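Two complexes are shown next, each including subunit A; its partner changes from subunit B in the first to subunit C in the second.
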Partner chain A sequence: MAPSSKPRRRFDGFATFWGAPALIWQTAFFLVPLGLLVAMTFWAVKSYRLTPDFTARNWERMFTRDYFWTGYLYTFELAALVAVLASVIAFPAAHYLAFRASPRARRIAIFLLVTPFFTSYLVRIYSWKIILSTEGVLNVMFGWLGLGPFEMLNNAFGATIGYLTLCLPLTVMIQYFALSNIDRSLIGAAHNLGCGPLRTTVSVTIPAAKIGLILAATFAFILTFGDYVSPAYLGGGTPPTLSILIVDQTKSGNHWPRASVVAVTMVFTLITVLFAALFAAYGRPGAKK
Partner chain B sequence: MAKPILTLHALEKQFGSDTALHPTTLTVEKGEFLAMMGPSGCGKSTTLRMIAGLEAPSAGQIRHWDRDITNLPPWERDMPMVWQSYALFPFMTVRQNVEFGLKQKRRHALPDRRRKAGEWLERLDIAAMADRRVNQLSGGQRQRVALARALALEPEILLLDEPLSALDAHLRLQMQAELKRLHGELGITFLYVTHSQSEAFAMADRVAILNQGHLQQIGSAREVYRAPANRFVAEFVGASTIITGTGGPDHRVETAVGTFTAKAGHPPQPGQLATVLIPSNAVTLSATETGAENAVTATFLTEEFTGSFVTLYLLLADQTQMKVQLQQSELDRITLIPGDTVHAHWPAEAAYVLKEG
Partner chain C sequence: MTAARWQAAWTVLVFLFILTPIASLVVFSFNADRFPSLPWGGFSLKWYVAIFQDDSVRAGFWRSLRVSAIVSVLATFIGFATAYTDYRYNFRGKLPYLAIAALPPTVPVLILGLGMLSFFSMVNLVGTLSAVIAGHVVICAPFAMALIRMRLADMSPDIEPAAWNLGASRWATMWSITIPWCMPAILAGLAITAAVSFDEFMVAWFVSGLEETLPVRILALLQGQVSPRINAIGSLVFFISITLVAIAQVITPRQAR
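On to the complex of A and B.
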């Protein structure tokens, strides 16, 4: 007799074994803290003491303050700007690595892209301070040309330089992997059908690498959105970004619940942005007319 | 003779220290269907890619009519290509793929290219799937899209790089007939690269056979079949049994399995090496010795049925394998089981001697 043809889900011990550590890690160090974080937004602070409670006051308080929304908008705009800037600056480098560079040049470049991660991000940001300050290297050189001095610290420009320091190497690498996975015959076909290098890039290379390019930009956005070091040390902290707001809330008045409100808002913003990016990346372009 | 549409002059390609193509000269006539064939690594695809401009020649010249296009970038040449992997753009619909060249190369406005692409979609019988994504199509349908995309440009020359090798046998035969029909209807010059001699012989006006970067022979299927230029071509075509020996007087060749008279091809030179081809369809088999000239005794190995023909494989005394092709009906005359001894003979006029040196 033929057995029932209905497929049955079987317990796969092998897959479970390999999947378990990641699952346990994610539960213990991401889901549980996130739950605690959400719970804390409903707690109260009574005479500088954190007290379990169930009140909407912290949400009310933050969401009705202009400085919160100013900070939110500023952080979001900076992150979006950096995502675009990083993508645009990274693309020529990634394109060169994927299509033009010799295997040797490629190996060296990838090594160099990893080395920034060897040194502390904080140290790299401090070195930018030396370069960008009013008496810094850049302004001295501008002085020779009879220009400046330019204000490059304690503003959005300084923060942006810091953000790019943080996310450019990763953006280049993700873009490079995306580009090098493109089927080369597609590039050949584009040339064959009349596209010069620029038209090929616009009409074939970028659409073919779309998923990776969007992921690269998303990474830049996520890193920037949550970063504290660049806005604090190069951006001067005004207007405050959400990360600075969090620190402010904890420092002045030990207000962890309000800091949690900011943090939870950030987490949900990033989840929304990530889903939007994934939808944009994996959506069905052919379905459009 | 008419001016050739395409001329390769001493065209050469090196990859580092490897030579993909030794200096090769050949011409292609307008409207011709030329197949370039050979085993993998013979240089046929590299040659096609150089013609398309996707690979830069190391030396030599490519001319389109009178124009030297050797250094012209691919996007300025007018030779669309059909790829083995189809190379369809996965992020576009079928219709957008077919319109691509019209948009990029011909700079047609949207209504024009929509109309023209529509015509080709109809013509290649894929109009029903015009708005589908490429990855929703079968291999055969993808090949049609790739053809439509290239033909929509209505080029003078169409390049085809093993377009059928990813298809199953049945579909391949169907597409072969269709390509042949399209070639006849359109009058476009087809340059077709393949490793399959059945494809090349079925469709092409002329066949160029390459091996290890050397052009071995170029000619009609009949010429290549009947008068192979050398041993490689004879083996590649596989239509004959090849026996080597020493030339003697009066078209005689002495071999390890007997002395034969071979009147076709190049007269054997006395005392020199002589390679004799015995066409597999010229051989007669008999169970008993006939006393005919050009006869050998052989052991029957196995048989293969293909359509109305049957191919028998025999083993000669010197371990040469002999191929004999018969009509199925002739098998009724002679019954063989593997291991049987059988007598084979052939007319002296059919045995072909290769040109040596």
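On to the complex of A and C.
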């Protein structure tokens, strides 16, 4: 589609003007910092100063520590749990929006789902911190019923509430788009062949929307795996998740190379999970149905 | 029909869960009591008065406003340029080009923050708003690109060549045809990127040093005691970002035709 189809290699100022900004900016402030992060895992800290080096000591040090593996497992388990929970909680709602809700209700729902994505997550977590606290609204209400008070903060429950706040809107939305793209005649056919609503959902709707459902769960996993705010402020920080390890090593430990080891491990884990999910969603690469 | 009823009730519950923290935040920012909980302690504006008198909050607010204004212009320009390049040109390496332009939001902000901290500390920019701005543009530009690219998808690829054949230069065509066509998406991109930047705290926390933006101030307050002042700041931040998002949604061109 190039405007000049002649095979010439002259400098095209117009094309460069529009093509170059992203390349320059994202290379300088995205690729280079990430590359530096990888390089830094091999650097040393000598008398509190970061010194370029080529040593495996940071990797050794982190990978032989129990707290690292405890943190890794805990983070992974939480993320997997939240991916499943968010998918299960979101599905009936996404199904309702896709198949039963009126167009007006659907528009309002989409607005309500998009909005949280762009509005202060931090502030919403602060709000949960108050709601869930011992003197908070929920426990006051439980008190009216003669129950509680329940300990809902500084444990996995609190962290999970935070994680769901982070990823539920996106999960519902992706599932909703996946479900609304299903060929309606498939569902009609299932009904005509005598399938009840439940059987239709399990054996027609869910397989037809498989890709979207897997993607939704994957995004929930990715968001949860990398999040710092929920485990730190609602989860209480024990056992520390990988994100908390990074912040501790950076902010108080002042050992950036070790923090980078954790960060690079996280990136590799996320890439692996992403590819596993894509494989599960699309089947073997190249094998098109 | 009971199954459908249950499903409707479940859907309402899911949305209640999503909206509860915001509603509670705003409601208790007007509560007179020191601890934001029930029973209701009476209506009061004193927490808002308190934050307007707090110098560190005011300073953070102005920094955030400045950062998000600059970020939205830069990110939307880069987003437009990239979307147009994708729309108009095919070239070798286009896939990796688009990947580095679109990928930043999928990397956990914590990891971006750490990478940028180490990078900016090498070029002596840590503790400056320029570092915050550079980092935010990385995260925000892909959102603007996506919005503008969707708008360009609705513009026939023959329109620009028609203008060129009639003798308009490529710059003139860009200025008088392509940009006006994209204007709703450009405005939406400005609003969305401003909202994302205004709320972003992780990259800002890592690289801003003493130049705290408002969300970084909130993060610091979170580590201390619960105070309705945070409700008031939070409500303010929420109100600003929801206004920007609402503007973006209203002017975003509908795809349905």
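Heads up, the rule we're going with is that the second predicted complex is superposed on the first by the 248 of 289 C-alpha atoms of A that agree within 3 Å, B and C clash if a C-alpha of one lies under 4 Å from a C-alpha of the other, contacts with A are read in each partner's own complex, and residues count from 1 in each chain.
Convention: contacts are C-beta pairs under 8 Å (C-beta built on N, C-alpha and C of every residue); 3 or more make two chains touch, one makes a residue touch a chain.
The structure presented is a predicted model; accordingly, all values stated were derived computationally and were not measured.
Enquirer: For A:V247 in the superposed arrangement: first (subunit B), second (subunit C), both or neither?
Expert: So A:V247 only meets subunit C here.
Enquirer: If you stack the two complexes on chain A, which partner ends up touching A:P207: first (subunit B), second (subunit C), both, or neither?
Expert: So A:P207 only meets subunit B here.
Enquirer: So in the superposed three-chain picture, is A:T160 touching just subunit B, just subunit C, both, or none of them (first/second/both/neither)?
Expert: In the superposition, A:T160 touches no partner, neither subunit B nor subunit C.
Enquirer: Using the superposition described at the top, determine whether subunit B or subunit C touches more residues of subunit A.
Expert: Of subunit B and subunit C, C contacts more residues of subunit A.
Enquirer: Give one of first, second, both or neither to describe whether A:R199 is in contact with subunit B, with subunit C, with both, or with none.
Expert: In the superposition, A:R199 contacts subunit B only.
Enquirer: In the overlay, answer first, second, both or neither for which of subunit B and subunit C A:I222 touches.
Expert: Touch partner of A:I222: subunit C, not subunit B.
Enquirer: Once the structures are superposed on A, label A:N58 by its partner contacts, choosing first (subunit B), second (subunit C), both or neither.
Expert: neither
Enquirer: Please report the subunit A residues shared by its interface with subunit B and its interface with subunit C.
Expert: none
Enquirer: Going by the contact rule at the top, pick out the subunit A residues touching subunit B in the complex.
Expert: For subunit A paired with subunit B, touching residues are 183, 185-186, 188-196, 199, 203-204, 207-208, 210, 284-286.
Enquirer: Using the touch rule from the top, collect the residues of subunit A that touch subunit C in their complex.
Expert: The contact residues of subunit A facing subunit C are 1-3, 14-15, 17-23, 25-34, 36-37, 40, 89-90, 92-93, 95-97, 100-101, 109, 111-116, 118-131, 133, 135-137, 140-141, 164-165, 168-169, 172, 197, 222, 225-228, 233, 243, 246-247, 250, 256, 259-260, 263, 266-267, 270.
Enquirer: Within the complex, which stretch of subunit C touches subunit A?
Expert: It is residues 3-4, 7-8, 10-11, 14-15, 17-22, 24-25, 28, 35-39, 77-78, 81-82, 84-85, 88-91, 97, 100-101, 103-104, 106-112, 114-119, 122, 134-135, 137-138, 141, 145, 157, 160-161, 164, 170-171, 192, 195-196, 199, 201-202, 206, 215, 218-219, 222, 226, 230-231, 234, 237-238, 241-242, 244-246, 249 of subunit C that touch subunit A.
Enquirer: Which bits of subunit B are touching subunit A when the two form their complex?
Expert: Within the complex, subunit B contacts subunit A at residues 52-54, 73-75, 79-81, 83, 85, 87-93, 96, 100-101, 104-106, 131-133, 149, 153.
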